[in-house]
Every structure is written in C-alpha cells, then in structure tokens.
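Some structures are shown below for you to check.
You will see chain A twice below: alongside chain B first, and alongside chain C after that.
Up next is the complex of A and B:
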C-alpha cells in the first residue's frame, strides 16, 4: 500500500509544479473521470458506504425491524461471552489451518507432475482442473453422497481395504476433516497458477544445478521454490481470505445449522444466522468487523514475514 | 543444452540419462493416473448414481455400474423442484451480469491504463485494496440499502452491481491493456480519434480474448452463486439453480437419484462450456490468478 502511494504524489507534484494545467492535462483528467466514474460510484455505493455503515451498526442494536439505538461496545462484549462465537471461530481456524496448506501442497504436487511434460498432460490437467469450476452447491450435494456412511462410495472403498470408515459429515469429529477433503478436491485453479509459475523457471538454472551435481531436492528447494514464491505467496493470501469466508458448502450440507453438534458452525455461517435468521444485524455487523480485522491482520502478518523472502526476479 | 560452461571448464553432460528418464516417466504416469482416479471419483459417483434404479442406489455392497440404466431420476428429480424455471432464472442473471461485467470493466480498465491522468494509480490501488474486504462486511448494509430501494425479492441486487466494476476483472483487463503499445493510441490520435473512438475501434478489438475470459468467469460466478440469491430472493418462483438444488437437498435428502440427476444438470453446462473454451479458461487464470 505504501509503495503504491509513492508514484501518486510524484504524479500530482509533476502536474502541479513541473507542468501547469495544460489543455491536454485537463482533457486527460476529464477523459479519465469519464472512464472511471462507474467504479467511483461503485466504490462509494457498494464498498465505502456499506463498510462504514457496518461499523456503525456494530455499535447499535440494529435489526431492520423497528427502532434501534446506540449501545456502544455491548455487541462486542456480548460476543466475547458468546460460546457459539468462539466455537465458530475455532471451527474456521481449524478449517483454514488445515485446508490452506494442504491445498497448496496438493496443488504444487499436481503442478510439478504436470510440469514433467509427460504425454497426455492436457487430459490430466482437465481432470484436476474440472472440480474447481463445479458450482459449490452441486459439489456439496455430490460429496454429501460420497461421504454417506452407509451408501457412500468413500466408506465402501475403505471397506475394500479393510477400514471401517467414520460417519464423516454425520460425526462431530470427522465433519471438519470431511470439509477439508472436499475443499482439497477444488485446488485445480491453484494448480494452474502454480503450473504457469513452474513453466517460467528458466531451464538454464536447472542445467546449471545439474552440472553442479545437485540432486532432486536441492534443485527443487533452491531453484523451483524461489522462482514460484510469488505464486505460493498469492495462494497463501487468497487462501486465507477465502478460507475465513467459507460458507456455501456448509450451509447446503447442514441445512444452515452447522451441525452435527455445531462442529461445522463456521464463522461466516454463524454470522449469517445472526443477520438473517435472528435478525441481530448489529451483532452480526460486529462479527463482520472482527472478521475484517482478523483477515487484515493475517494478511499483514503474511506480508511482513514472507515478503522479504520472495524472489521477484522470475516475474 | 548438453554442454555447459562453468569456471572455464567445459562439462559435457553424459547422454546415458535416457533410462532414468524412462523410469521417471513411468513413475509420473502411475502417480498421475492414481491421482486422476481419486479426483474423478465424485464425478463417476455422481453420474453413475443418477442412472441407477432405486434398489441399486442404496445397495450393499455397492453397485459400481448401473444395470439397468434408467433416466427416471431425471424425470422425477426435475419434477420435485421446477428446475427448468430455475435454469431460466439463472440464465437471465448470468446474461445480464455478463453484459454488465464485460462493458463496465473494459470501460473502467481503459481509464486506469490508457489515459495518463493523476488519479489513475491511486484509484487502482484503492480498487485492489477492496479485494481484502470480506463479503460479510458489506453484506448487511447492502441488504438494508437494496431493501429500502424496494429491490428485495428481485434480481436487481444480483445484477445491477455488475455494472459498477469488479476488482478482479479490472485487474485482469488492465494487465491486458497495458501490453498494447501506446504508439497505437498515439497514431490514432494523430488521425483525429478521441479516447472513445480509440477505446471502441482500437483497443476493444485487440482485447477479445481477455473480454471472453471476463465473460466466462462472470458466467461461472453467477451460475454458481449461492449467498447472493439466498439473501435476496424469497419467492420460490424466482429461485436460481443453486437455491433450487439446496432446497431439494434439504427437503428430499434421501432422494439420492433425483439429487444426483439435478446436480448433473447443474454441472453439465459448466463442463460443456469448459470443453469449448479451455484455452480462454487457462489463460484467464494464469493472467490474474482468479480462483474459480
């Protein structure tokens, strides 16, 4: 953000001091406004106003019906004592901690395999990519049947190798792992991103490493990983942002309840329940702002700890 | 490149790596085939189940290949819930938002990349920054705004915002516009063209692949959207396919056959679309890193 601000002041200064308002620059300014007015309206109407209003609601007893009043920090205090809030936060963090790294590792393995230039690469790529474009509701419905403890294909396959499969979505212990498996099925687009990164790694570097006698692991760790680090970084950040908003599959699979025994009550689901089932919109807004802060903090944390280690020479 | 020079020594890499390559390939294929099988299981299960007769759906041990093949679930499944109507509703939303997204984002991205004016970079930075805002933060106030405008239970909250730009698409198109040499615009200006003419006659025709990518992703997004319709649509007549399928799942939870048939119907257009537009898809993802 701060780096993006640098050229801005430069541009403004140049406009003001080095180059006075010429007819050309005024013209350009007007054209610029003409082309960007939809996004300016959109930003104000669909982003800035709602974000501000949401912060305001979070300090009120807002519920769309009837009157509401300013209640200060009461919503936030109530959240701290709300068991469901902590459960939903725990469930979401559980989901994010496992699904994001697992997704990245699986996507990377798939991309590395596809990058070996084997025959039939296009077919494999299609098979791995397809699940990621399947609509979330349809994939949730299919997986609910795959995970079915009695009739589902998964437990039947496990039975073939002598394992008595768990109840998956019906079991409070196994429901979250089931969701993680389900989300890993959709790593296809991440795989494509990483594959594009892998294809940009210069072959000469591998050749040089080979000449130096580097085996598979050093080549992977000292050549491949640095070169695709921007892609991995991107995957981590978007994975975190997306993971905290995980909603659709759980809502469909559990009929909006987050069961069994609140084991899949993720943050976004509990927020939705508060807003649109209990109509505690002020309360839900407070939850939304806490989510916002968590997402921003996580992103900043990742940026601070990793951005120094990222090698942009390959870009 | 079999020869490499390092520290003034010429090293000739031995050519006898061939057998290792072969082993490597066989290994890669084996792993890829196993993984492909794992990734395809849900699809396999979906399609075969939708064609099984009821007795085989819940049979133990499970029936892998339906025998006889039946299409009854497609008939009954589509009867429980008015899917043809939902498909039309969803296609309507898709069509409007695709038009909105393509026009507005191309228009906006042009202003952020091809015109030199001071707000070009700060505005773009702000737009990118909005990508970090979780949907849940704007969801409630937007609901209130649209409800007060009388838009509740209509398609307007789902379609109108697509005309005001989307950060991902703006990013994608801006990247693409920047690769077009500025000399093209300059030349057109010398010929007396203004920005509108350059946008319509020079830039747009050159950006068709990127516009196709935006259209495709928007179609995909609108077809599969769940939270939006869930919040804004209350009449069952106005439901989208996503809502219809979720409703079906909730009410006829044990109707495996019908559910699988309906899911197949929902996935089919996407899969067919994918096979016709594979390259656009792959290009689009690598351009932006949009996650599907």
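Up next is the complex of A and C:
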C-alpha cells in the first residue's frame, strides 16, 4: 500500500517482515500467492526449467533424440577450437559495435526533430514509428529489394551521383554494413522513449542558457543530454542485449546459411544451425551460456563505467 | 522545478494509462495473422514460392475409422496439391481420413522434430535424401522392412540411385514419392543466336561451356548483366559442388574406408573451374542478372545462357516467360574424369517415412505404399504434385516419356548413377560443403584448402557422433 508520496519499494517490504505473523498477515500472504500462482507456474515451467535444463545439457552430448552422455567441459573446449564460433562472435560484435550507437544517434535525431513545435507533428510521429512495427520478416524481404545490386533503389541512387555501388548482401565485405543500415528501421520505439524524455526537459534551463548566450550545441550538450541520460543509458543496455541476439533478419536474408562466405554468420544463427540442423543441442546450449556470460559482462561493464554519470534529477 | 502532478494521482492515472495501452497493444498484436516465411531465393530444388496467407492446414473428414496425419513441408500451391491427393485417397479408402498439417522444413524441421521428441509425431512425414542415415541413428524413423517385404516389394522395383538411398544398414527406412533427376541441361536459344552460337547445339563438355560463355558474357560498369552460366547457382553452393564434382568424375564418399572424400582430385578440379569462372567475370558479387523479388528460377529473367533446372522450375519458366526458347540436353561432362554426357547427374528428392512412435503405422504404411508404388497412387501423385515417381514400373512413365517437357528428365532418370551418400552426419557434411565451397568461390580459401577443411571437419564430427551418441 502506498501512502501519499511514498512509492512501493523494498522499504515497505522490509516493513512487512518486522510485523508479527498474525493470522491476518499470513492470510494476506496466501491470497497474494494464490493470485500470483499462474505467473509463477509460467515462470518456472517456461523460463526457469528450460534455462536450467540448457545449463545441464551444455555439459552433455544431448541431441534431443538418441542416446547422450555427460561429457563435462568438452562442448566448451570444442567451441574454443571451432573456427565458426570465433567468426560468428566477430560478426556479432562487429554488428553490435556499429548498429547500437547508430541506432541511438538516429533515434535521438528523429526525437529532436519530432520535439519541434510544427503542425501535423502527430502525423510525422506516426510515420516515423511505423517501420518499427512492420514484422521483421516482411521488412527483411523489402530491404533485400532495396539492396539488390542491379535493380535496387540504393545502387540506383548511388549511380546518380556517379558511384558504382557494391554487391551489398551478395558481397562478403558489404553484407554486414547492409545489415547495419537495415537495423536503423527498428528505432521507432527508442525514438518514442527519447521523445518522452526530451519533453521532460525543463524549459527554464533552456531559457537560462539562451540568456547566458549559449548556442545550440552547448544547449544540447549541457542541458538536453544530462536530462535524457537515463533514457540513453536504457537504450544502450537494451541495445547491447538485443544486438547480441540478432537473428531473424539474417536468417530470412541468407536462408539460414550466414553467407555470403560466412560474413553474416552471427552468433545466434550459428547456435540455431548447431541446435536444429546438426542436432548438436548440447553444443548449442554451451553456446547459449557463453553468450549469456558475455552479455552479462558487457552490461556490468556499462553499468560500472556509466551509471555514475547518469543524471536522475529529471525523473 | 515544479512537479507536474501530485505523486498520488500520478501513480493511479499513469497506471490506468499503462494498462489501457498494454491491453490495446496486446489486442493489436493478436490480430496479426501468422504468415509463413517466404522461401529464400537460392532454396532447395523443390521449394515452391509461398503466398502470404494464413497457415495452411486441413482437417480429416469426420466419421472415419482411422485418421492419419501427414506433415507437409512446402505450403502454398504444393500444400493444396497434397490436399487434393488426400481427398482422392480418402475417396478410394472410405475407412481412412487424412489430416494434412503444414510443417515447413528444408535444412531443418523444427515442428516435425519437436513433435517426435514430444511423443506426438505425425503418422507420415517427409525427409530429404541426405538426412536418412542421421535420423535413423537418432531413432526418429520406423523400420519399414517388415512392411516392405510383406508387400512383396524388391529393390529392383525402384530406380537404382533411389533404392541406394532407401537403404541404410541393410534395412528400408523411407519410400521415394519424388525422384528429382538432377539435372538435364537447358539453354536460352535466343541468347545463343545473339552471341553467334548454334541455337540447336548445347555444350557437350565443360570446356565448351567456357568457350560459349566467353561469347555470351556481358559486363557493364563492372556488373555482369548477361552471363553464360552461373555454376555456383545450381541450387546452392553444396548442390553445385556435388553436381559439377560428379560431372568432372569426382566422388564424395569412400564406403570401404568409411570416409568422406571432398578432397578427391576431380572434385577439387571442379571447384577450381567454378572459382576461375567467377574470377573471369569479375567476382561472384558482381553477378547482377536477376531483378529483386524474382518468383521464377533465375533462368526466367532471360539473362543467363545455360543452366540445369528441376522440372518444377522449368514448368514455371515456360509458363511465366513463354517467349524464352529453351534448348535441352544432358549435363556437360569433363574429360578425363568422365567420358559421357550427363555423367554428373544424380538422384535426389523427397521421401515419405513413418516417425517412430506414430499412432497408426499400419494405416500410414498403406498410405505411403499407395502414393509411392501403386498405379492409381502414382498417377494421382503425378497429376497433383507433378514429381516423377521412384517406382520404376509406374504407368505414368509412359506419359512422362511422351511429354516434351519431361522427356529430358526421363532420360536422366535412366542414366543417373549418383546420389548423396548416406552418412550419420549427412546434414553437417552438406552444410560444410555449402559453406566451404562459398569460401572458395569468394576467394577466401583456395579450392584445395576448402575441400580439405570440409573433410577434416566432417570426419571430426563423425568421430564425435560415434563417441558421444553411438
């Protein structure tokens, strides 16, 4: 229960435990358990059990069918010697390093544009948001048209300014940049979040800065950015977590092969191949847990280095 | 800074707003119909293009004594043909109903495998040539030998290469309803004429293919806009190296040593040919002969001089691009490894099997037998699905011989001697060939390096399979 001005936090929970175990409080607790029972079942059955099972299977030669046995760390050792593992890790990190910052910058630029007081802004907001709700498979197919080396829009535009465009998705060198460009289509939801953040920046500070003679860049860097820093931080962390698991568009565009010449073989795709094409479920489980550790480490790194610099005063 | 609302009404109002938005979002999300994934352009030979319709499915008619379930991998037009076939079967077998379920899968088949693992397999399912040995080892398939012998069937009743694939470790595991003769060879007579070549005479050897290509290739601004042939586009890198490896006289498996042999000297020669061909036109990523979203085989775009094709693609091209004049012949071969036209041809195709744990194996076998090796069943299959049957004595072969489109496929059926060898890590081997042939074509490895790596990886994986799952 909240009292005015006091959000529900651990403080209230801690308060509860200090109360004696009266019949009323036990009763309340049981009712609470009853109501959350379905969610707990779902969580245990669909999340905790599969995750624990996958940890167990990563130490076995499990293949869904047939016999399997405990092989200890063999899967993990084999992964370290597997060329495709390192290639897929490299491809994924390449993708994350470029697409996450690019996505945040594009979303921020769009949010800044949408924050202006122009007529019909609601329509523009909708238009910019629409691409992110197009189903991933459909948008991947559309983008394969855009990137077609001879007939696609992109190469035709480049030809107009005299550049002979590359093979994009057909070229091992340009396939990853093509995927990175394609990923900017999904910035809609991030744009909305940043827009909400921008609208909370107090106008008085902008006015004060103007009075002090600040131009647009100092205003942006010293007023806007600190106030939306929590949102940017959120974008970075979720972008990292999502980027490492990038899969759908690559699978659609390459038919599950990660081509051309393994240039788009991202980590999740290689995991999928091992699990469902080669029946190496134990191996794939080991890959999944290694990915988990990598993502946790990256997230901790980001938190450790950046959370001190986030300004929560605007919230 | 002034707070905009008081904390108390903030929590209640925004809570209600959030619930409203969340409920709306979930309702909208549920309204999007499930669409099947469109087949990727360089898909396996028989992949039909799928339209954006709700997931196909067909319930068995009520009131039948037994119902069997069939998992169908293609969806789209072929799914409808399977339904027609099921209806005709039901008409002739009033006790049995056939439920047809869409379970997509070419390189993988998650729905089928999940159903088998979960103990609710269908009664009839489809499998591709290179997977049999592995699925048998994993215990996914039911041994059909008792049914086969009881029906009085023999190996001679089937095409030799098809029979080779039906067997593993002395038992029969699947029945071929579709033998793909891979491939006859086709050329665009108009392009030949334009390049100054005789439109009635196709290339006999690979050397002639190179010679003709030099006259046909057109390169504009670095992009190849017309090409003689695209050797690595024979249904994926893996199938391409198989086809041309065999055309050069190579071999991919040594049964005596139980070893895969992609590093066979003729296979490497074939790969070297493909790599040099790509180099001559400026690189595989410069080939720009197809518009985006092309729904027929790339031959239908009219920019490729010669290519192998499966019958379904040939039919499509003839239907949607009728102004292309098509010449036909057998696959080019390359001496000294091979001496006969069409020597590289191989048999592939999809087969029906009964998953382990199926509820109605007897009824499933009756259905499979009807489709695969009875006169009425094969006739129905030919009229609906349009694949050449695996059963040699099917009466439809009289029709096939007489059909001008299908005659080249019949000729290939008679002479094809190769098939992908059944090994327990078949899918893995196919994937390695696919990947490493690509590496060679994109010049990231030499052909010899690529094929040796393929052998090393596959043998390691085979060893691991024996140790960990034997």
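Observations
Here is the rule we go by: the second predicted complex is superposed on the first by the 297 of 315 C-alpha atoms of A that agree within 3 Å, B and C clash if a C-alpha of one lies under 4 Å from a C-alpha of the other, contacts with A are read in each partner's own complex, and residues count from 1 in each chain.
FYI, a contact is a pair of C-beta atoms (placed from the backbone, for glycine too) under 8 Å apart; a residue touches a chain by one contact, two chains touch by 3 or more.
Being a predicted model, the structure only gives us computed values, none of them experimental.
After superposition onto chain A, the modelled positions of chain B and chain C overlap sterically.
When both complexes are overlaid on chain A, the residue A:124 reaches chain B alone and has no touch with chain C.
In the superposed model, A:141 lies in contact with both chain B and chain C.
Of the two partner chains placed by superposition, only chain B is touched by A:190; chain C is not. With both complexes superposed, B is the one of chain B and chain C in contact with more chain A residues.
Of the two partner chains, chain C is the only one that A:262 touches; chain B does not reach it. Only one of the stretches 77-85, 131-139 or 185-193 belonging to chain B overlaps chain C in the superposed arrangement, and that stretch is 77-85. Chain A uses residues 4-5, 7, 64, 135, 137-138, 141, 144-145, 150-151, 204, 252, 255, 276 to touch chain B in one structure and chain C in the other. Against chain A, in their complex, chain B makes its touches with residues 1, 4, 6, 11, 13, 24-25, 28-29, 31-32, 35-36, 39-43, 45-46, 49, 57-62, 104, 107-108, 110-112, 115-123, 125-145, 147, 161, 163-165, 170, 194-195, 199, 220, 223-224, 226-227, 230-231, 241-242, 245-246, 249-250, 256, 259-260, 262-263, 266-267, 270-271, 274, 278, 281-282, 285-286, 289-292. Remark: chain C residues 1, 6-8, 11, 32, 35, 37-38, 40-43, 107-108, 110, 113, 116-117, 134, 137-140, 221-223, 225, 236-237, 284-289, 291-293, 425, 427-428, 431, 434-435, 438-439, 441-442, 444, 461, 464, 468-470 touch chain A in the complex. In the complex of the two chains, the chain A residues touching chain B come out as 1, 4-5, 7-8, 11-12, 15, 25, 28-29, 31-36, 38-43, 45-47, 49-51, 53-54, 57, 64, 110, 113-114, 116, 118, 120, 124-146, 150-151, 153-154, 156-157, 159, 185-186, 188-190, 192-193, 196, 203-204, 207-208, 210-212, 231, 234, 238, 241-242, 244-245, 247-248, 251-252, 255, 268, 271-272, 275-276, 281, 284-285, 287-289, 291-292, 295-296, 299. Of all residues in chain A, those touching chain C in their complex are 2, 4-5, 7, 61, 63-69, 71, 78, 84, 135, 137-138, 141, 144-145, 148-152, 164, 166-167, 170-172, 174, 202, 204, 252-262, 273, 276-279.
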